[in-house]
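Below, chain A partners chain B and then partners chain C, in two separate complexes.
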Partner chain A sequence: MNRAAANSKGTGMTTPTGEKSSVDLNRFNEVFFEECAENLAEMEQILISLGDREPDHEEMNAIFRAAHSIKGGAGIFGFQDMTVVTHVMESLLDRLRNRETPFVPAMIDLFLEAGDAIAMQLAWHREGKAVDQEAIDRVRAKLQQAIEAGAPALEPPVEPEQGSPAPHEEELLPRRCRLAFTPDPEIFARGIRMESIISELTELAEPGEFACSARLMELPDLPELDPERCITCWEFTLLTRASREQVLDVFMFVADEEQLTIEEEPVDRRGPAEEPAPEETLLAPAGRRAYDSSEAAPGAFGRRGGEAESSIRVNVTKVDQLVNEVGELLITQAMLSQIVAGLDPVLHQALQRGLTQLERNTRDLQASVMSIRLVPISIVFNRFPRLVREMAAKLGKQVELKTVGESTELDRGLIERIADPLGHLVRNALDHGLESPERRVSCGKSPVGTLQLSASQVGGRIVVDVTDDGAGLNRGKILAKAVECGIPCSESMSDEEVWQLIFAPGFSTASEVTDLSGRGVGMDVVLKNVQAIGGRVQIASEAGRGARFTISLPLTLAILEGLSVAVGAEKFIIPLNVVLESLQPTAEQLKSVNGREVVQVRGEYLPILKLHRIFNLEAEVTEPQLGILVLVDADGERGAIMVDALLDEQQVVVKSIETNYRRVEGSAGATILGDGRVALILDIPELFTMHKRL
Partner chain B sequence: MTFCNKQNPLKGQNKVGKKVFVNNINITLEGPLIVERAQELHQLLVERLDGVTEKCQQATIDLSRVSDIDACGCQLLALFVESLKRRGATPVLAPAPVGVTERINTLGFRDLLALQPER
Partner chain C sequence: MQTAQGNAVQQLAAEAASEYLTFTLGSESYGIDILKVQEIRGYDCVTRIANTPLFIKGVINLRGVIVPIIDLRIKFNVGEATYHEFTVVIIINVLNKVVGIVVDGVSDVVALPAQSIKPPPELGASLDTRYITGLGTLNDEMLILVDIEKLIGSDELQIVESAVEDTQKGAVNQ
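Up next, the complex of A and B:
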């Protein structure tokens, strides 16, 4: 049974065997999915940072821990397929860190490949995406081969350097561990398998040195018992050489701070006389992270380190709900302001003062709430070291990737949508921008090219630059190609105008179409995607010195800068980022082309989109020269929207009209205005399409 | 999982008498005793417990047809055993297949679900 498909129904607990039960497992699985994705990202980050060098002891342990955590979590949550690759990978890593297998640089690629395979399996469980089983089998076989090829006979283990601690020095001394585990009452309902936990603990124990005993914490009347509620606690005793962290890792996804205690007692086999004093015994709560027990999805398990105290994991829907509610508050506040504006200020001074204070508080609250949705852009930047490494290797180029301002924060909704355009720009820079080492040397440059990704907040926008020190854009080539593609251009165009030509659909100057970029569909897609999230792209280039692509984005998608306009009794919002200018046309400017009304603005004929006709409204103004034309540019298509009046330029809270009403063609959402009325936010590209159909 | 004697609670029990659940009773469990079937198992164990009268001296729980068990199943079974004791009956767990016995022991329920040695 396709687990992802089953889960997507969200109607009840679906077990790994596909059976139904009364508890929804999705919320618990999501915890594992997120942790797994984080572990994969962490592993990849370490592997990429290595280049070709051997990981040091700490790095090796971190990679091992990530793989081990994924395996453990997958086993506990019943995703057995995910334990297969992780298991072999873990074995190889274990051999590497124990110097039983010599490290070779190709292993880094192998581990990256294994990470991809696990990510693929994760995507299957999480989103139902297809899995290439052959690829998984291939990786598994390669890992197995690496284990077998590096058998002890192949190379003698390398002696650790003089003075440096031997690997796993801390693991050499066996200790007696007593663990008391009082699980979450929902542990059964969450699909967590105690047998997996016990099996992992057994693996950490010395042979025959593991004991486990269960005890019922209470004895309720049988009829009163919720059979899926856990009332059992466990005590484990094991003799182990594993570190405390390794033992804790077994409970990564299942134990809260108060739910697990570990007593450790060194075992000295020299004799009872030298046994440690009782005070040396360690007794401490050993959970990984506290969480609010009332939280619906106890997704707080398993984070490492000090992060525990400084952050909590909250479901995105909860944050979105909060953002929505603050949006409602803003609307209410705007309505109150509108009412109070009509009152006598002398008689209602106190009310107005209070309202001013309310406005300030609401604004602050909105800013705070919006900041919750912000996540660091490093989430996107972190994807590029690997891309750059692999592409550079394929292209035979030497590239140093620099990232600046990774902590710059961006709305979570934007983060995902900026990744593709950025990836395109990075691939283009590597493929077309940066020269080969030989060419760079012949131009007097360092053979190693530099590609820099930087992010910063400028005013109310986020600016992301992709800068390379390559050859820069070739003006002559671009113009020639534009002519070839039939794109209007001239030699007299400024550099900035020429650079804009590359955003035309199908435009590509690359002489070779490669599998990496240069398919001629790149830059127009970049522009389209960026514009779709209210962004802009600018280009700066200097021949022989490099190029800089700047993407400027709004901080959030939940609030939009808009121009409110009136058409008859209705009000509409035109997103400000598409507005070029507004004008009242003269009769001379108005023409008719193929029976359609157009306005001539500086030699350009723009179609006139009459909103009252598109939306079938009664308008006060039906003739363009009596109304106002708002000139807009969306995705390179320009037009003039005819309105009765321009009302205001304002920030509006974007609401989904589909969720609250139904889809309205020509609108990208709606907002509630200060007077309580709903105004449609216009979707300009869709309006162009509708206009063509009229 | 099915429970034997569900249709006919007398089958295999107090073979000599006509009354139900007098003196010794025999409860046979079948199939996997796992969390996915916890509600079903619970309901039936409650029904069986209701049938245990004060006159009942020994309740034999036959696990020979159990195919699998997990921690949730062990817990339910352990509580059932305790509940039988409270009613004055002596619970006796008849042997389970080797895999199930091993699983019970692995999960730490060896003491709570002390099984009779296999004959």
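Up next, the complex of A and C:
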């Protein structure tokens, strides 16, 4: 981040075309927003993990680093309003770190609140959401208060990182640094300019205490002299109060370790360094340069380069493109296999072997590429500690949140859409499931309730459980409420059927509407959202022992298990999760009701949906007893789809038709078959509607 | 950014001479802005889509992207809609959509100076004059210049779900 500041400054100097750089800046804004959101999340995570304990040195530094990066970034990108809260927050953190202000547990809530304020400002810049300025001022005042409460009023809390004498005094004592820098000859080719290094060092140095000399390492003959090669080495001598890291930071991305030597010798001629502070403030007024030169934030700058880069930020569209291209490769490979299958195996043995190898490689490649889209579910789980903490406090309940299997991976698209339903289940469990501590004790349970979130992969699906050890679902109450809401039910229903009642629209057993849950738009929305991504919700409950809500999801939205069927010359894909069975009906099974053909299967009459009639195709088979009926169940509605033949059961990559065309009725998308042709994926509920219109 | 640059390029070109891809529909010659053309390919493997107008031939797989194919000959009643190995599909990229149009043949890429383009007559070609930007003359032959973006975005073709909305968006983007 800091480096970016230096760079943007650099380009600003060389190309003073304001317009151009503002366009560039807009592109960087998005990067800042994302980074800022990440920093906020990281900070929140650390704060929550603390509970009420005082952060240790590492954690404190991590929080500081997050706040610092946000402030630095906000300053660089010109979001001055965002620097206000972060600045005060940073000041307080700095004082805590230097033990000038004692830690009190309330500060954690204060920092969380500050994080919210920053998030609000971020949302304003990013999406234009309204900002509650009062709340921001309030947080700021509270932070300011905390700073003042901890410190005697002798120093104004402005720029405390410069004004306050820190305990690590040796860092602040001026030292004479002698740096010898032998750049590699290609340094100019990398776009590095010595004058910017010199100017950065000048800013680190005490005023007037900087000297620099250059000497030639070698002098090639004139014909061999390449002006773009660096043949000088440099020596800098400066008196500085900056830490060794800060000096090294100047050379980050410029020099390797072996190219730089630093000799330091302390200088005793000055006392504790309070005196020069105002000068420096004058030199580097509050603003972006202030961070670069005079802030002791260990690790804040080194983070980019220091920690090994374990991940990179890639645009999702690029990943999707990669997935597409690998899909294409698979199709090409399938095509080649088809051609080779027609060749004489004796003559083309080598070719076949090569092709088998290619097939294996492409499958591996596909699996790897698919895994790029997968992200750990911890991203969602991490949102809940805070929610639980706050809700438990509001409800006066004691809750312990456990998470299991956070590293379970699922598709990025699913992660985003599972968060809301999960949040709802967690809120429900806290509000309705877990009892108050007194109640728990009287039931012989520990006063602290347990809420467990667990994720695991079972077969081709991801299973997420929300388990609480509360009172469980109340059968009598649910039935009474269902009657009240006019939902059909009866006393003789099994427990499982009763639990399903809570998914009915408008159902809520909470006796009064709270702001936490209980508006009665809960469970049906949960069910709808989960179903929309191909998932299911199951409930298990035992009175007095607790309840478990299980969401099971497909691994990815991009791939679908399908049954490919033929109708005339066309091929269609029926999603496998709706298929019950397929059969060739006998004449006795076929009946007619009101002129509509139905098939009798095990006492049930199912309407026959003739695909060729719905889609106006020329089919080879028009009579049901000659074709094949695929029995399907979509959202409880059953039917038999009539096709010419069943072809294959395969995994298909789901493609959007809408990207370049409009929605096609009766199809949930399209896919590309092994022969390179497009096949439509059938949308069964819509087929039922189309069938009824015929 | 990209569109801004594209527009700038277009403007520059318009000042000097615009380049057009010319193709034939029946016996008439047409031209479309070359910058809207993505590629040209043969006609094959079209998957039909049910309950669509006849001129929508269906969709194809263009390197993993599903692309609709429109036969302008059917839509505008010119020539005969026959399909053989010389039938050509022009893949165009307009309104953030990739669409293929079937034509009888692609002829050439020509540069037409702006002053040589005449406004369209009231009733000239089989194509509605709304979609014609002008008539160009090339080697004594008339060239009908088509506003392909307007055509693809029109309600008539039903390619864009809500044509009005999208053209508005396009206007804002410009």
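Simple rule for what comes next: the second predicted complex is superposed on the first by the 353 of 694 C-alpha atoms of A that agree within 3 Å, B and C clash if a C-alpha of one lies under 4 Å from a C-alpha of the other, contacts with A are read in each partner's own complex, and residues count from 1 in each chain.
In this section, a contact is a pair of C-beta atoms (placed from the backbone, for glycine too) under 8 Å apart; a residue touches a chain by one contact, two chains touch by 3 or more.
From a predicted model like this one, the values you see are computed outputs, not experimental measurements.
Trainee: Taking the superposition as given, does A:Thr232 touch the first partner, chain B, the second, chain C, both, or neither?
Mentor: A:Thr232 sits against chain B, while chain C stays out of touch.
Trainee: Going by the contact rule set out at the top, does A:Met194 touch chain B (first), chain C (second), both, or neither?
Mentor: In the superposed model, A:Met194 contacts chain B only, not chain C.
Trainee: After superposition on the shared chain, which partner residues are touched by A:Cys212: those of chain B (first), chain C (second), both, or neither?
Mentor: First partner only, chain B.
Trainee: Answer with first, second, both or neither: which of chain B and chain C does A:Glu491 touch in the superposed model?
Mentor: neither
Trainee: If you stack the two complexes on chain A, which partner ends up touching A:Asn660: first (chain B), second (chain C), both, or neither?
Mentor: Touch partner of A:Asn660: chain C, not chain B.
Trainee: Is A:Glu134 in contact with chain B, with chain C, with both, or with neither (first, second, both, neither)?
Mentor: neither
Trainee: So in the superposed three-chain picture, is A:Pro223 touching just chain B, just chain C, both, or none of them (first/second/both/neither)?
Mentor: first
Trainee: Quick one: classify A:Asp52 as touching chain B (first), chain C (second), both or neither.
Mentor: neither
Trainee: Which chain A residues lie in the overlap of the chain B contact set and the chain C contact set?
Mentor: Overlap of chain B and chain C footprints on chain A: empty.
Trainee: Can you tell me which positions in chain A touch chain B when the two form their complex?
Mentor: Touching chain B: residues 13, 15, 17, 19-22, 188-189, 191, 193-195, 198-199, 212-216, 219-223, 225, 227-228, 230-232, 234-235 of chain A.
Trainee: Touching residues of chain A toward chain C in the complex: what are they?
Mentor: It is residues 23, 324-325, 327-328, 331, 570, 614-617, 655-666, 670, 672, 675-680 of chain A that touch chain C.
Trainee: Using the touch definition up top, name the residues of chain B that touch chain A in the complex.
Mentor: 35-36, 38-39, 41-42, 45-46, 49, 70-72, 74-76, 78-80, 82-83, 103, 106-112
Trainee: Taking the touch rule as given, give the residues of chain C at its contact with chain A in the complex, in rising order.
Mentor: So the residues of chain C in touch with chain A come to 1, 45, 47-52, 58-61, 63-68, 97-99, 158-161.
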